[in-house]
C-alpha cells in the first residue's frame, strides 16, 4: 500500500459521504417532486420547465381531494382495516409465539415448522380461493373481508417467539417463585417487559396492511368500501384528468404511513431488522 | 423447571387456538381448494366439472403462459441482483455516516419502502410522463431524446424494475446496515493495523462477513419478485402488449377477467410450487457458496 | 325512500355534467329516490369489477354500460333483461330510438339496456393557430379534410409554422386509439369479423392502411407520441397541439374553459376523410340493470331504477351539453337541440357512424378490443411495423 | 424456622443421572454455601430445593413438611437470581410487591412489608425507580428486598455477586454477612468463588461432579481438606502438589530433596504432598530448591514461582518486601504439620503430626 | 527497539478535551502498564499511540521517528484487543498472516513466521481452525500470535485478559510475563486490575481523569503512593483512611485515640491518615479501638472489619488462625513508618519516618 496518511484517508471518507448525500437527495427527489407538483396550480404543473418551487402555492387540490371525493371514506376504511388486522394479528401471534417459546405441548415442533414454511408460500397464488372463500362467507365489500386473508404474518409469530426465547429464563422462574400463573407471566411480566417489540411489530403490521394492494383491490367491488391505496388508482371521478389532483391524493394516501415512519423511525427499522433476523 | 405437562398442554391449546383457526381458514383451506380447483373447469364463482389434468396439459403450449413465465423471469433478473448491489452500495455509503446525519440520510433512502404501491405508481408515472415528466425536461436539458419510458415495449419492464428497486431497496438497505453494524469495529481497526487498504478491507473483511446478509437479502427479494403483480398492473393501465404479462397477472386475467378459475388455479399451483422450490434451492445454494468461502 | 346505487365510468368533462344531472334528479325526487353514484376507472377495471361484483351479488342497482359490450355481458349472464312492463313503466319503447341504437342493446330479440346516447369521436381544432398557419378555410374549418394527402399537407403546414404537435392523439393508450383506427377502417368498409373469421381477406390490409396513416404522421413528427389521455387534452388546451382527435365528451371541457376566458377560438368537426368515404366509430352509453347473483331485486327498487333511467332519458338534452348525442329521439328532434353548438357542426356525422361487430368477443375492453389495442401503442409510436402488428393481431384474434 | 433436609435425592436430565442419592441437613438459621467448579451441580441442587427442578427420587423436607411435590410458589422460599431477574417495567416497590399481590395480600399489608424491607436495606429513596435507573449494587439489594418481603422460610442465592465489579463484590459480601446476622434466617448460597464461600459460610458444602466432597466450616475445609480436590479448590494461590514416594522413614521429594518423617503412613506411595504457598517460605536451608522464574509482587506479599530441579513448578509466598529476583536460586522450607498427603485416589492420608 | 515518547499530546472528542498535554517516556523493551479506573483515558491513550485515534496536538515519537501523522499500519505496532478482534472467517493461520500478506511478503516468509509464532505459543495444532472453534484462552493466544508475526516495534494490549475466567486469567498472566522476558519487546498494557498491573509491570502509569497520577515501579506506587487516589486504588483490601487533625505534637485519631508523632507536618490539617489493612494488627494496646462487625476468614489470613467508637469502619488483617469473633472488642496498632498522610487535595504529605 502506498504511503497513506490519516489526513488523506479522511479526505477519501469525506468524498464518499458527500456522494452518499447526493445519492440520497436524488433518491428522494421523486417524492419531493410529487409533493411539490401537488401544490402547484394545474396550469403550472404542465409547464415545460423544471420548477423546483411553485410560483403560486395552492392547496386547492387537497381541498378538492378531501371534499369532492370519497377519499375521507377510504381513509376510514384503510384505518379500520389496518387497525383491525394489526390488533388481531398482534394478539394471536403474541399468544402463539408465547406458547411456542415457553410451553411444551404435543405438536409444538410441527406447528413451528408450518409457520416457518408458510414464509415461502406466495399468498398471491391463493387470490382465487381467497376470493371464493370470502364471497362464500358473504364478506366481500366488508372490512372483515378485506382483513381476513391478511391476518397471517408468520414473521410476527417468529419474532415474538424469538423475543420470548431471549427473555432470560430467570424472569419466568422468579415469577413462578412469586406464585404467578401462566397468563400473569405473559401479561404482567413478559409483555410489559418490552413493549418496544409489540410497538415495533404493530407499526410495521399497520404499514403492511395500509399498503396492501392486490387483495383489497380484488375483494372490494364497491367504491365506498375501498381502501385508500386502491381507491386513488381505481376511481376516476375523484380526480378527472388533473395530474396535480392525482398527486395530491397520492400524497394523502402516503402521508399516514410516511408520518408513522418518520415519528417511529427507530421502531420501524428495529422491527424490520427483527423480522428479517430470523429468515437467515 | 417443575411443570405439569397436562396443564401446559391445555394452556397451550388456548393460546394457539386463535392463530390456528385463522391459519386453517385462511391458509390451509384455500390451499387445498386451489389444488382441487385446478382440476376443474370452474368459473370464478360456482362449481365446475372435473377435467383431470387438462388445465395443466394446456400450459406448455399456451403462449400467454409462456410469455408470463418468461416475463416473470425477466423481471426477477432485472431486479434481484441489481437491487442487491444497489442496496449494498447505499448501505456501505450510509454506514460511514454517523448520528443524526446517518438517520436522516437513511430515512431518505428508506421512505419509498413504506409507501403504498399506488402512491409509488402515481409519483413515478408523473416523473416519467412523456410530456410533462421532470425526467423528460431533464433529457431536454441534456440534449437527450425523450423516451416514452413506461409506454414503450423495450423500456416497460426495465422501468418497472427500476421503480421496484427504488421502492423496495429500503428494506435491503436496512438489513445490510444491520449486518454492517454487527461487524465489530475492532475488526476494522485490526485490519487497519494490519495495513489493509480500503479495497482489501472490503474484499477480505466486509464482503465475507456480510455474506450471510447478502444471501438473505437475495433470497427475500427473489421470493418477493417472483410474486410481482401490483406495479406491473398499475403501470399497464391503458393497455399493453404482452410485455406486461407476469404470472400473477395471468392468474388475475384468467380468473377475474375471463372467469376461468380452473385454468387460473393451475397456473397458481405452478407458481406456488415454483416459489417454494426456488426458495429452498437457492437458500441451500447460497449456504453452500457461503460455507465454502 | 329508495336509494339507487349507480356506477359509471365517466371521468372527464362529461362526468361533471352527469353529476349535475344526478344532483338535479336527487333534488326533484327528494324523499323518494336518491341516487348514490360512483365513478370507476374506465375500461377493463370497470368491467372486471362489474363482472366480479355481479358474480357475488355485490354490483350496483344500475350501471352505465357500453352498448358494444352487451353481447359479452349477456353471455356472462351479468345483465337482467328488460321486460315489456319495464319499458312501459319507463314510458319508452323501440320507436323512441334509431334502429341501429335499438339493435345495439338487443340480443336475440331481448333488450338488456336502455340506450342513453351515442358518442362518436371528432376532430377538435385551434382556430387561432390554424388561421395563423393559413390552413383555415373561409368557413372557419380546417383545410384538407377530404383526403389523406390533403390532411397530411395541413399537418405539415402547421409543423412548418412551428407548432410542436400539429395533431394531438392519445397515442399512449391503445384502448383509445381503437376508436380512431376502427373509424379509419370504416372509411374503407373494412370489417373485423366476417363469418366468425377475423380480418379475413383484404380486411387485414385495410387495418394496415389505417395503422400506416397514423404511423406515418408519427414518423414525420406530425402527431404527439406516447401521449396519454390527460396529456392529450392538456396539449391541446395549452396550445401545444393544434388539433386533437378525441371524443365528443371533451366538448364541455372546452366550453367551460372558454367560458372562463382561458381558451382560444376552437371548433370541432367530423373526422377528415382519409380513405374512401366518411365514417366515424361510435358507441352508445346505455343504462343496464346487473343480474346480481343470489340477490333478488325488490319491486320497489326496480321501480325506482326504472324511474331513474326514464328521467335520465327525458332530461338528456342537458347531456347533449356534454357533447354526446342523446339517444332519445324526441330530444334530438327538439329545436333546442338543433340549435346547440358545437353539436350542430358535427351532427352530420350521425349518418356516418359505425358500431362494433355484434359479438360477445367485441365491445369496450372485450377480447377483440383488448387484443387490438395492445398492439396499437407500439405501432403508432414507431416501435412496430404496421404489417407486423396486423399479423400479430390476426393470430391472436383467431386464437380466441 | 427453615430447617431443610435432603434425603437421598436424585435428579436426571433425560438419560443422564446428574445427582444421585444425595443427602444433606441444613439447620434453621444456618448460612450454608454450595461451593464447587462449574458444572458441579450447585445450581441444580439449589433449584431442586426451590422447586424449579423436579426431584426424581428421595425426599425434601422443609421445616418438617414434605415438600418435594409442592409447586415452587408453595414452598415459601425466596430466591435471588444471578442477574437478579428484576422486572424491568416495574418500580422497585412493584417488584418487591409482585409476589405478595399474586397471593392476594391486601394492598396495605404489601405496602407495609415493602416499606419495612426498604428501610432495613436503606433503599427507601429508591422505591419509585425502575431497575434500569439503579446501579449494580442497588439492584442486588432490590433483589434481596424482594426476597425479604416474602418472609420466606429460607433464602436461596445463586451466585448473586458474580455480576458486580470487584470492589462492590467485597462490599456487598460484607453487607450480606451482616444481613444474615440480623435476620437469622436460613440461607443457602451458591458460588464458585472460594473467597466468598470462606468469608460468608457457617458451613461449606463442597461439590464436585455433582457429589459432595466435604461438608464443614470454612476453617475445617481449609485446614483439613478431605481430598486433593478440596485442597486444590480452596485457598488462593492454590496449594502446591508435589509427587512423593517413600524413602526409608521419610518421603522423597521431587528435585532431590527428602523429608524425614518418622511417622509417615504405611505403604510406598506414590502420594502427593500438598503445601500451601503461604506455608512455603524462603529459608537458608530446606528440603526444596529451585530457581525463581516469575516474581509477582502484590504489595503486601510477593509470589515466587519457583522451578525445582526436576521441572516441577511451585509457588511460594514471601513478604511484600521480598528481595528475590528472577533467576535467583531459592531454598524453600515448610512446617511438616502444615503439609497434607493425598493418595492416588485423591483421598487425604493422615500425616502423623507429632512427627518432624 | 521500540522506545516510545509522548510529548504534550492532547486529544479532544468533539468539544471535550479529554487528554491535555500529557507527556510520557517509554523505554525500549520496557513493560509499561496503564492502570486506572473506568473512563480514566487508558484506552484513548493506547489508541493514540496505535494511530486509531488521531493526536490533536503534541508529538509521538516511536523509535526516534515522528509518528503522530502516520497511518496505523505504518507505525509498525501490534495491538491485542480486549475481545481479540480475530477475523471470524479466516483460519488461525490466515488471521496471523493477513497483515503480512497486505505488505506483500512472499508466501514462504509468511508461512515460516506463522509457524514460528505458533510454535512459540504452542498452538501448531490450531492453525487450521476458525476462531469460533477455539476456547477463550486459545483465542487470546491467537491474538498474541497475530501480533508476534508482525515483529512489531511494540505490543499494545487493551485489557487482554478481561474476557477470561479467573483461573485462566492467572495462568495467562504468567505466560505473558514469560513472553515479555523471552521477546524483550516493548509492551504497553492497559488494565484496571491492580493485581495484573502489579504482577506484570516494569513501570505502572496510574491514570485518573485522563491525567497521570503517578509513574513508577509496582513497589514504588505501592509503598510510596503520590496521592490518596493511588493509595486507594492500589492494594487489596483497600487502604483504610482515617480523618485526623493535629493535636499537640501528634495527630488526633477518630474514636478518641491519639498518635504521638513528633515530626508531624506543619499546619493543622485536616488530613487523612492511610494505613493498609496488612499493617494494622491486633495488639494488646494501640491507638485504635473498636468492635469487630464482620470476620472474613480467607484461610491464610483473616480480615477483621472493625467499627471504631465514632462509627468509622476499618479493616485489619490478622493471621489465618485469628481467634477474634464477631462482637469482640479489639485494639489495633500499626507502625507509623507504614502510615501515609494526605492533605485535603489528596496529595501525599511526607510523614517524618524517624518518629514513633
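Which chain is which? They are A, B, C, D and E, in the order written, and residues in each are numbered from 1.
The criterion applied here is as follows: a contact is a pair of C-beta atoms (placed from the backbone, for glycine too) under 8 Å apart; a residue touches a chain by one contact, two chains touch by 3 or more.
Protein identities per chain, from UniProt: B = Carbohydrate ABC transporter membrane protein 1, CUT1 family; D, E = Multiple sugar transport system ATP-binding protein.
What you see is a predicted model; the values in this text were computed from it and never measured.
Separation of chain B from chain C in touch steps, taking the shortest path, is 1.
Chain pair with the most C-beta contact pairs: A-B.
A simple rule picks the central chain: find each chain's mean C-alpha point, then take the one closest to the mean of all protein C-alpha atoms, which gives A. In this assembly, the C-alpha centroid of chain C lies 95 Å from the C-alpha centroid of chain D.
One finds 56 Å separating the Cα centroids of chain B and chain E. Distance between chain centres (mean CA atoms), chain D to chain E: 28 Å. Taking each chain's centre as the mean of its C-alpha atoms, chain A lies 15 Å from chain B. Multi-chain contact residues of chain A (touching two or more other chains): 1, 4, 46, 131, 135, 173, 176, 218, 233, 243.
For chain D, residues touching at least two other chains, in rising order: 51-52, 71-72.
Those residues of chain C in touch with two or more other chains are numbered 41, 45, 52, 55-56, 229, 234. Interface residues of chain E facing chain D in the complex, by the touch rule stated above, are 166, 170, 174, 177-178, 181, 193, 195, 198-199, 218-219, 222, 234-238, 276, 278, 293-294, 296-300, 303, 305, 317, 320, 326.
Residues of chain A touching chain B in their complex: 1, 4, 12-13, 16-17, 19-21, 23-25, 27-28, 30-31, 33-34, 37, 45-46, 48-50, 88, 91-93, 95-96, 98-100, 103-106, 108, 111, 114, 118, 120-122, 124-133, 135, 148-149, 151-152, 157, 169, 172-173, 176, 182-183, 207, 210-211, 213-214, 218, 228-230, 232-233, 243, 246-247, 249-251, 253-254, 257-258, 260-262, 265, 268-269, 272-273, 276-277, 279-280.
Those residues of chain C lying in contact with chain A across their complex are 5, 7, 9-12, 15-16, 19, 38-42, 45, 49, 52-53, 55-56, 58-60, 229-230, 233-234, 238.
Touching chain A in their complex are the following residues of chain D: 50-52, 71-74, 77-79, 81-83, 85, 87-90, 98-99, 102-103, 150. Residues 1, 3, 5, 8-9, 11-13, 15-16, 18-20, 22-23, 25-27, 29-31, 33-34, 37, 44-45, 90, 93-94, 96-97, 103, 105-112, 114-119, 121-124, 126-127, 129, 131-132, 134, 137-138, 140-141, 166, 171, 174-175, 178, 195, 197-198, 212-213, 215-216, 219-220, 223, 226-227, 229-230, 234, 237, 248, 251-252, 255-256, 261, 264-265, 268-269, 271-272, 275-276, 279-280 of chain B are the ones that touch chain A when the two sit in their complex.
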